[in-house]
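Some structures are shown below for you to check.
Two complexes, one shared chain (subunit A), two partners (subunit B, subunit C).
Our next item is the complex of A and B:
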């Protein structure tokens, strides 16, 4: 073994054999980029999460107190639980809503297809904050939706749709819908329409064709859309902050307040680590449930 | 051979000169630019026309203005960067000024560096600490809609009045207004700033009466502009600004009194243009600029020798006597206890 390595090294120096295979050489710059700008800061975050804060100052003493607090104190467990629940809800809503739109956009042969694609992409032209404030105007007690419901007699008093999790879920679902649509579309475009035609020729009606041919083949896109929207929803800050106000607390808003005005950086770091683990854990679970199929991201 | 040696020496010399020039250009040499972090939103135009542009003209320098971040967010950045946030001067409040000084993140602003400090009354200077220069004074006023709240309120208890349920804005704990409101709730119920339990007992019912709980003072503006909110605690300076804009709002100090806010100018230890920063602070504290600033931003001042209209003096803190009438918080105590209070506040506010 040692002789082989020495011979290989000598051959490399003489330029006869590349130091690394070419596919690995190409991977070096992004790997370094991720290492320096992601892995190392994450490790720093992890190290700070084991310190403690006292009277506004960080004390360099190792402790598990932050994790113990976050995972056993009912108040913090509720924040983690609600973040998870809200993200799962938004991911399910986005995936469910985006599938029919993606299917239509993939299969349509209308000459308006480019325009329709543009309309699907149009929300991304304005920023998240702008769109979220738009939802605030629509959903607030004196807003458009409540005004319409009250004028038509559906309700007598305004329904509370902002400064709660309902408003946050509505806002996030809209903000992430475009991601869902295009992720599912990428998968649907790989489903050969001839297969659907073949199923129908063999006697399957449209519903059976969809359930037994189209949906299974597009499942990687569905799972990819679910995971992508889950990950983004779990870490979203602007929409929960604006539509939820300060009576709604998810992990991102909790981390923000701990970092920027409570100045409890160790606790914020521990919460950040838990958020990362939540997203990675979901990815691994989806991967396991999906078997050997890779999913589209 | 000799020619090759000359060529090599010449290449090395040119390389050294280029590298040294780059080093000088990046920051070792003094700059004629000043980076200032202060008020954003609508207030940015006021500070630029009143303070920034006259300073640029007088000193022939360029000021790069950054209007982002609250005082606590700015302080978090100063801490994160160990005193080198990229600004030369930053506007904060007394708690951040005191804690920042204690942590060694801010430069001292004595009379040797800022001569106009000698005109700031001693109690205000003490509140800001050795690293702060007090450019304005404000207090927490009760800001109310004059059409909807009739007659005008006389007590802070109006914020808890069920008659105004869903019409009250409550500041979040990230805004020092929330801390002051907690203090007032304690004072009204037999406590004080060191015994806040009577105040804490009032916070759940305040939350139930609230239209919204909002952190940033500027985020509260759309609510009272659209007359969704009729009552809120608000800084007298900004309250007066919106009153002057023609909104049907007014501000007052209820019978239980109010609490002072000391705003400060600070210079982080990592500031690149320190001499210019001290000049800027000194300029802002000059008599002419203090008079202009007080009237333009409708705030009080801690400078003793100003000529201001009587009406302005009546509504804002411009004298030591007025300073002493208001409740004076222990700013360092606030800075130290804030994270503990924030956690308790969150446990009540979060549904």
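Our next item is the complex of A and C:
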């Protein structure tokens, strides 16, 4: 790309071509945009993560101190560990819950299918803040669920469902459900129903057909859904901040407070790099386990 | 799956200060509280931001998709990967990176609307690129050839044949880009400034001091904005064609 640009520019200077070849006209604006506002800022972030901060000021001196601190100090290790655990839990829950829904939506012959698809997509439009707020109203100590449980006599005192990891996990799983459903669906749509019929014709029962035909063929969607929900959950800020309150600290909330309240940019940058590595590492691991390139990338 | 949304809807028309189920009385008092500058300011700010960002993303994304689908050149695969890559980086990391970038590059004055616009567009370009890819791959090229055969200049062909054919895809991508920007939290967190604040961030700030029924009404209002935008995009661009197939 760059080579092309350079040679085209030289040719233009020499007066050989009157205009840039047209693929450059369409390719250059988005390339430049993403280079300047995506690639370069991320490289900045990477370099800041290796700088030292002393007495609130960034010192121009390379160091691994930020990473050493984050990966050895028990306080920080616990934040990383909890982020990982929570994201793994959410990814597993979402993928498991979305598979049956996606299967139904793919295979249904109902004439209400467009409506059902629209309904499945609808929560995605309402935004993470609205849905998280909804869960807050439901799960609060004096909220809907506790009120219901106490009125029916199941519990005497309200159970704590918010301001802990349970609430955050419930909220995040719901927020990401639509994501999971549509990723699995994209893959299930490619599975020919005839193959299932063939398996059943050859004497396989429904369970065997599912385990040996449908599931393996839709595996890229399962892996894709797992990865996407893992990635979004690991970087989610709103849900942990709203449902977790001050007691839940995950990487995203940690990065936010380091950057804007503590003003330790190098540490916030290093934590961001670790978050990216966590996501990329999961992707590589899933690709290896899947034995082939996953659905996502 | 819809429980949280239904609960918010009920809470917004509930007359008492505390949420009760079933509601003790109905009232629109919380909606009256929404139509004050306190909430309408951030709401209209978010609306303008999301509209401009979706337009910019549609332009950049469709250019990129056009380059990748229609031309063969060195670095084509790299461009395709670049156009997709913002999806692979947690957006909170991009928010941190952009805040530092603007500060270090001496462009701190951009924080506020300009920075939010630039940042949201990075995040939304992949959505438009994807739908534009699918549309471009799906169109019958012989239609374009026929137009040129009949004497249309390339530009004319693009305007009156190609663009109308990919219009549903562009509107679908644009509508999703609007939603992503309108609901965005992770980037906006770092790039708002007093007086230039988006609706989701305003709600988040409010939530730090506890819940109030007015928030339910605000949330329902923001949901109706999105539904309205989708209805308009469908009316003008017919994007359900794109989603459910022709």
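Assume the second predicted complex is superposed on the first by the 258 of 297 C-alpha atoms of A that agree within 3 Å, B and C clash if a C-alpha of one lies under 4 Å from a C-alpha of the other, contacts with A are read in each partner's own complex, and residues count from 1 in each chain.
As a convention for this text, contacts are C-beta pairs under 8 Å (C-beta built on N, C-alpha and C of every residue); 3 or more make two chains touch, one makes a residue touch a chain.
What you see is a predicted model; the values in this text were computed from it and never measured.
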Inset, instruction - Specify the outcome, clash or fit, for subunit B and subunit C once both structures are aligned onto subunit A. - result: clash
Inset, instruction - Would you sort A:249 into first (subunit B), second (subunit C), both or neither based on which partner it touches? - result: first
Inset, instruction - Mind working out whether A:66 is in touch with subunit B, subunit C, both or neither, as first, second, both or neither? - result: neither
Legend entry - Partner chain in contact with A:259 - subunit B first, subunit C second, else both or neither: both
Inset, instruction - State whether A:34 touches subunit B only (first), subunit C only (second), both chains, or neither. - result: second
Inset, instruction - Considering only touches as defined above, state whether A:225 meets subunit B (first), subunit C (second), both or neither. - result: neither
Inset, instruction - Classify the contacts of A:142 with the two partner chains as first (subunit B alone), second (subunit C alone), both, or neither. - result: both
Inset, instruction - Please indicate which partner A:187 is in contact with in the superposed arrangement: first for subunit B, second for subunit C, both, or neither. - result: neither
Inset, instruction - Give one of first, second, both or neither to describe whether A:238 is in contact with subunit B, with subunit C, with both, or with none. - result: second
Legend entry - subunit A residues touched by each partner, larger count belonging to subunit B or subunit C: C
Inset, instruction - Name the contact category of A:45: first (subunit B only), second (subunit C only), both, or neither. - result: second
Legend entry - From 7-15, 115-123 or 205-213, the subunit C stretch with C-alpha clashes against subunit B: 205-213
Inset, instruction - Share the list of subunit A residues that count as touching for subunit B in one structure and for subunit C in the other. - result: 140, 142, 259-260
Legend entry - Complex contact set, residues of subunit B against subunit A: 70, 72-73, 75-76, 79, 99, 103, 166, 172-174, 207, 212-215, 226, 228, 335-339, 342-343, 346-347, 349-351
Legend entry - subunit B partner contacts - residues on subunit A that touch it in the complex: 53, 55-57, 75, 79, 140-142, 163-164, 245-249, 257, 259-264
Legend entry - subunit A-touching residues of subunit C, taken from the complex the two chains share: 1-5, 7-8, 11, 18-21, 59-61, 63-64, 66-67, 70-71, 73-76, 78-79, 82-86, 88-94, 96-101, 104, 118-119, 121-122, 125, 179, 182-183, 185-186, 189-190, 200, 203-204, 207, 211, 215-216, 219, 222-223, 226-227, 230, 240, 243-244
Legend entry - Contacting residues of subunit A [partner subunit C, same complex]: 1-4, 22-23, 26-27, 29-31, 33-35, 37-42, 44-45, 48, 114, 117, 119, 122-138, 140, 142-144, 147-148, 174, 177, 231-232, 234-238, 241-242, 252, 255-256, 259-260, 265, 268-269, 272, 275-276, 279-280, 283, 297
